[in-house]
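Listed below are the structures to be examined.
Common to both upcoming complexes is subunit A, partnered first by subunit B, then by subunit C.
For the complex of A and B:
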């Protein structure tokens, strides 16, 4: 964490700079692998040690970028690939944020309950961990199946809601873990002080534990946003939802042989989407700066 | 001394047993102690003698296993809920997201005191501890001694008639410590509050107290109670530390701590 320590440069400038440098390093590494490793990969005694690096399997970064500007399909009037990706990303981003919100509420709620009652922590903690070992793909059809049976007056369960719910299933975990650690972070002296002041549990939660949890919560919220995007993409694929980036990754993969840059563009878009979601949530942290003094420690 | 002036803390046969994984540990046994209203009493003893435990019992942060403990005539719990004491710990325990002023206002805020009154009281207390210029600072911008002063101001916010202090100067350097002690004597003389003060420094206990309670460990007991005959509040200053009476008291407390004859030391008169 020492790299993130506040210095002469404002924190966000430094972090943005570091992010761009990391991106640049990845591009350089990618091109370096293409340059050094032979097109056919490295095969020793029939065992492939390094993958093939031909333009077919690993297109140049610039050919992926160039592909973005050309039409998505050969059909007349087709939008550019970039346009298609942006539309699909926006679709997935909205679902991810909905899933993130549900996940954050669930994670926070769980953390509060676990902090308040020791027995709840003992009872729930194993399930929280276990929940993350169940493959998302196994859950997806179940969620869609259950959702399809929900009709409450004018409200009908939509397919995107299943996707958001599955995304929330991934997002709640880092939030629950981070929030619990944060809620438990006040020192003994601070807790004793509130007790000596005869502050109720709810008062102590809002005036002491919640503010103290912020330094733990902000990174957890950011991580939750990134996992919500991953969850949404996987859920789109496994529920067969149209319109999102997950669907595009699958359909573009089929044109990998003839148009290798296209699936890579979709993958890159999904990665950027995760960064955007985490960045948007990071803005929340700016509003809470006053509570983040302790984050240095 | 107790009948006419009122009693702040009264402990009769108080004991505390902690149940740990390796069995029961007796932290305190058969404690009899009376602190009069307005009296400054220090608890001193080696670590593990239960002096902090005793303070925590009075504060109702733990409850006694046996015996009877009353604070201003009611149970420790009732006096905590009635906000009859202010407390300060070895760690200042300030809330880092609050300014110095907001930290001092915290007890008032939790008890629904109006904004204007809170502000006025905070100004008084800031002046009292000499931190008026730092009202808008955050705790991490202050030195350890200044943070401790904020904690003391906070403990005084509701004008308690009893102050409980658990080694509040333990983490400070010697020079800051002496200055804080002088300030505390002055503050207590002004506010007229009774003080129960836990320390492991002999000169500190002697300089601050009307009486010093010497405790011995395993199980924690009171082994001696010494009356300190130093001049009262306002008259006690830096020169007191160089008095013969001061040194005589320091020696008396030291001998009591190191297991000198208890009977001879009880009620030492140094004048």
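For the complex of A and C:
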């Protein structure tokens, strides 16, 4: 899998290098498609097989990069497009992390309950799967609707909390599934050993199952971070929450005709944001390095 | 469990993430265009739900907020932006907001499904929907659409078009090729669509902000022809202020409705007399569209309102009836009509807007704009 031989260079250099190569490959592919496929796309018998590649539909990578340096709008004092995207990404990243935290707590809690009681697993597992089949766009307006009515004393439900809640709804799933598999991973012999030493259920959980779950959990946490970002962006688009990258994607989409590089820049920023979120969560994995033997992706 | 060095690293990382997430988010909550409920003593909090994100289509409300017209009426108005999946009528009927802006046909459809809402002020007197085509396609009226690739947005935005084609003797199912249209105009410019749906104040401007590859300059209005549904007689009423029908039985809400309408109309009058300033207010409220596009939009919206013979916001029975007739009879490509039976008497009322107009007139405000003249707006590339 690795392009460079492991051991020759430090792991993080290798991984960064591979990441950059993948990015470069994408850029090359994009430009290659633009070069090879005619502007009007490929249409066979009235069916469009390949999309249009004109500068209007697929702007050059360098046009998008150049657009980043120019002001977002012509309003006086407008920041550069890059600045606007960074501000919006930061906003969405914070909401995603809040949603991710809630999702992780919920996912872990569910996994522990499902591992402990077989009947809970039988009862909850179908619902966990079912939860992910409900389309997010159907859910988002409902959550916003309920949220608008919550006022507990000084606490008023804000729009961003609905977005975070929707993000957590996506994030909890990989965590619940990953954690459950991890908690169930100790062999019968290991469990019997704990039992023979009269370890309590809680002690078995902390000392055996939790450490054993780490190799399963870390990739699940990273996946959860990426889905939390997706959830936050979709929820922003869906509810029109101001300030985040999702809102910029729909706002900039209106410029697609006259300023095609602008919406593409927002889409690229959203992709980068997902990588950053997964990277930030990867830091948690660093702290758990001791337990990460034979990690399962 | 005794904390070890490892677990404290993890806990630390989680704590950092939590602090980042929470500390950051609370700071951003004030970024909506709310004038903040607390601290404005004596004002009644009112929420207004828009159909879409901040843009000059809603300039009047933002102007009323910014110029303090709502505050003058004792209202603390919070403008709630719309999103892709936010249905203003539902938000209003559910009680999440106090007033909502919605197109009449869409609101009538929601009413038929049980949403208790009433049109209390018809801000836009005319429809802003066009069908735009390149000049060489020779499409100037609905009948010319025969045999052409006709774009439409669907989702209830298509009924004027279908009514227009039907009225011109075309069968939308067989006489034209219907194309589902995106919200940009690339399909028209690249020839995938012969006649594309466009709002005068948005998508039509988008094509005029795009570069014509043949000349290297922007397209001009002379490159296109448009079908205007107001001329074809199938136009439907669009942006109106809707109130909650059951709450209208309450005297305090009635009173508040008059005040809200009065201040909102004053905001629209401000936008009529100060289009540039109104544009600046909208841009300051967070619109991401360029300056020239927003000014174009302000100007086009003004044309949909002014001049207003009966006074801005008055619901014209004739235009209302035309909207209802089209809503009852025009079938889209799925054979559906907007509504299946005539709306009841609660669907609209002029009671509140009349009171608001009387108050404005007695204050010497010009509510008809009989001498209104649109300004000339030069669009810049990309709307910037």
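Everything that follows uses one rule, which is that the second predicted complex is superposed on the first by the 286 of 297 C-alpha atoms of A that agree within 3 Å, B and C clash if a C-alpha of one lies under 4 Å from a C-alpha of the other, contacts with A are read in each partner's own complex, and residues count from 1 in each chain.
Convention: a residue touches a chain if its C-beta (ideal position, glycine included) is under 8 Å from a C-beta of that chain, and two chains touch if they have at least 3 such contacts.
The shown structure was predicted, so the numbers you read here are calculated from the model rather than taken from an experiment.
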{"item": "First, second, both or neither for A:290, with subunit B first and subunit C second", "value": "both"}
{"item": "Partner chain(s) touched by A:208 [first = subunit B, second = subunit C, both, neither]", "value": "first"}
{"item": "Touching partner for A:73 - first (subunit B), second (subunit C), both, neither", "value": "second"}
{"item": "Partner chain(s) touched by A:199 [first = subunit B, second = subunit C, both, neither]", "value": "first"}
{"item": "Subunit B versus subunit C as contact partner of A:187, first or second or both or neither", "value": "first"}
{"item": "First (subunit B), second (subunit C), both or neither touched by A:94", "value": "second"}
{"item": "Subunit C versus subunit B, contacts on subunit A by residue", "value": "C"}
{"item": "Touching partner for A:20 - first (subunit B), second (subunit C), both, neither", "value": "neither"}
{"item": "Overlap of the subunit B and subunit C footprints on subunit A, listed as residue numbers", "value": "290"}
{"item": "Parts of subunit A lying in touch with subunit C, wherever the complex brings them together", "value": "40, 52, 54, 56-57, 72-75, 90-91, 94-98, 100-101, 137-138, 140-141, 144-145, 148-149, 156, 158-161, 164, 206, 236-243, 247-248, 250-259, 262, 280-281, 283-284, 286-288, 290"}
{"item": "Residues of subunit A defined as touching subunit B within the complex", "value": "187, 189-190, 192-199, 203, 207-208, 211-212, 214, 290-291, 293-294"}
{"item": "Contact footprint of subunit A on subunit C as seen in their complex", "value": "1, 6, 9-10, 12-14, 17-18, 20-22, 24-25, 28-29, 31-32, 37, 52-54, 81-87, 90-91, 94-97, 183-186, 189-190, 202-203, 206-207, 209-211, 283, 286-292, 380-384"}
{"item": "List of subunit B residues in touch with subunit A within their complex", "value": "59-61, 80-81, 83, 85, 87, 89-93, 95-97, 106-107, 110-111, 138, 140"}
